[in-house]
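Each chain carries a letter (A, B and C) given by its place in the written order, and its residues are counted from 1.
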């Protein structure tokens, strides 16, 4: 259902050319959305997206997150990497952090955010113990907690996607 | 308006060129992934933001609907780029660790230790 | 200087950066290095297409860029699966 709504809306957004939408395009959008939903259900029967992704409060929180802490961390990350490119000073290593998140969507969001934020890159994830393995370009602490690396991101991920 | 577009394009180009340099300056796969993923994503974000600003300014000049369509499509392209770049970098990092490339100059590697303790792949 | 000229200079610089990445694509010591260079080149080509859509005044090129981003993502995923050895 989530996949159906998302693909139909994306199709309508891409064919919308400033004026009214023809009814034929709406029919095509519904057909393609249904096709995508059926294919996703057929190839990945285990993975189910929950309806909480359509909750407007969560979507609003996601937009706030995208333009607030995430954008700030992205700018900081790029200045950091730019300095390292120029000076060539690195001290890398792979560390393990516990996340304490339960949902798969929340873990995916956190892993993607970590990849785009200062000096860190997600290498592997352990589904059972909910831990992430992170390549850290400047290791200052060999046994870090979640706060050392990603700041307030786990809290945001829990509030958006759990 | 030309001034704002010029500044956005300039920032984007600086970061894209830094990403290109990082490909040659860093020693191993993981650090190169750091440089290219962050810098090229951020730089492309800014050059595309310049296109969005251009489309909106042209729209307010003559109220031509084509330029709103241009800006909307560029925003969709930016979102696709953000999601696919982060996930692709994660996939490449995991694949190169599993294919046996160890990080150079690493001070600590918990993943390799855990894999050795377990005698196989994590997850 | 007109805005379109500004965009074309930026497109030239982006194209040159993508060409420079070709060096790492050819000389990379391991297969993973080449995959990283290819991924970065794809990102630059998407940004270049978005700039060219302004220069040539055609919206269709942005749609091509969206499809190219999706296809490059699928390509990166398949290269990663191949490197893991599960294919």
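Basically, contacts are C-beta pairs under 8 Å (C-beta built on N, C-alpha and C of every residue); 3 or more make two chains touch, one makes a residue touch a chain.
A quick note: this is a predicted structure, and the numbers were derived from the prediction, not measured.
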Checklist line | Chain occupying the middle, per Cα centroid | finding: B
Check: Measuring centre to centre, with centres taken as mean CA positions, what chain is farthest from subunit C?
Finding: A
Margin query: Quick check: how many Å separate the C-alpha centres of subunit A and subunit B?
Written below: 14
Check: Taking each chain's centre as its mean C-alpha position, how far apart are subunit A and subunit C in Å?
Finding: 22
Check: At which residue positions does subunit B touch at least two other chains?
Finding: 33, 37, 41, 66, 69, 73, 76, 87, 89, 94
Next item on the list: Could you list the positions in subunit A whose residues touch two or more of the other chains?
Entry: 14
Checklist line | Residues of subunit C engaged with two or more neighbouring chains | finding: 63, 66
Note to self: Going by the contact rule set out above, which residues of subunit C touch subunit B in the complex?
What the structure shows: 1-3, 6-7, 10, 13-14, 17, 20-21, 23-24, 30-33, 35-37, 39-40, 43-44, 46-47, 50-51, 53-54, 59, 62-63, 65-66, 69-70, 72-73, 76-77, 79-85
Next item on the list: Please give the residue numbers of subunit A that touch subunit B in the complex, ascending.
Entry: 10, 13-14, 16-19, 74-75, 77-78, 81-82, 84-86, 88, 90-96, 111-113, 115-116, 119, 121-128, 133, 135, 137, 139, 142
Next item on the list: Spell out the residues on subunit B that touch subunit A in their complex, using ranges where they run on.
Entry: 15, 18, 21-22, 25-27, 30-31, 33-35, 37-39, 41-42, 65-66, 68-69, 72-73, 76, 82-83, 86-87, 89-90, 93-94, 97, 103-112, 114, 122-123
Check: How about subunit B: which of its residues touch subunit C in the complex?
Finding: 1-2, 5-6, 9, 12-13, 16-17, 19-20, 23-24, 29, 32-33, 36-37, 40-41, 43-44, 47-48, 50-51, 54, 66, 69-70, 73-74, 76-77, 80-81, 84-85, 87-89, 91-92, 94-96, 98-99, 101
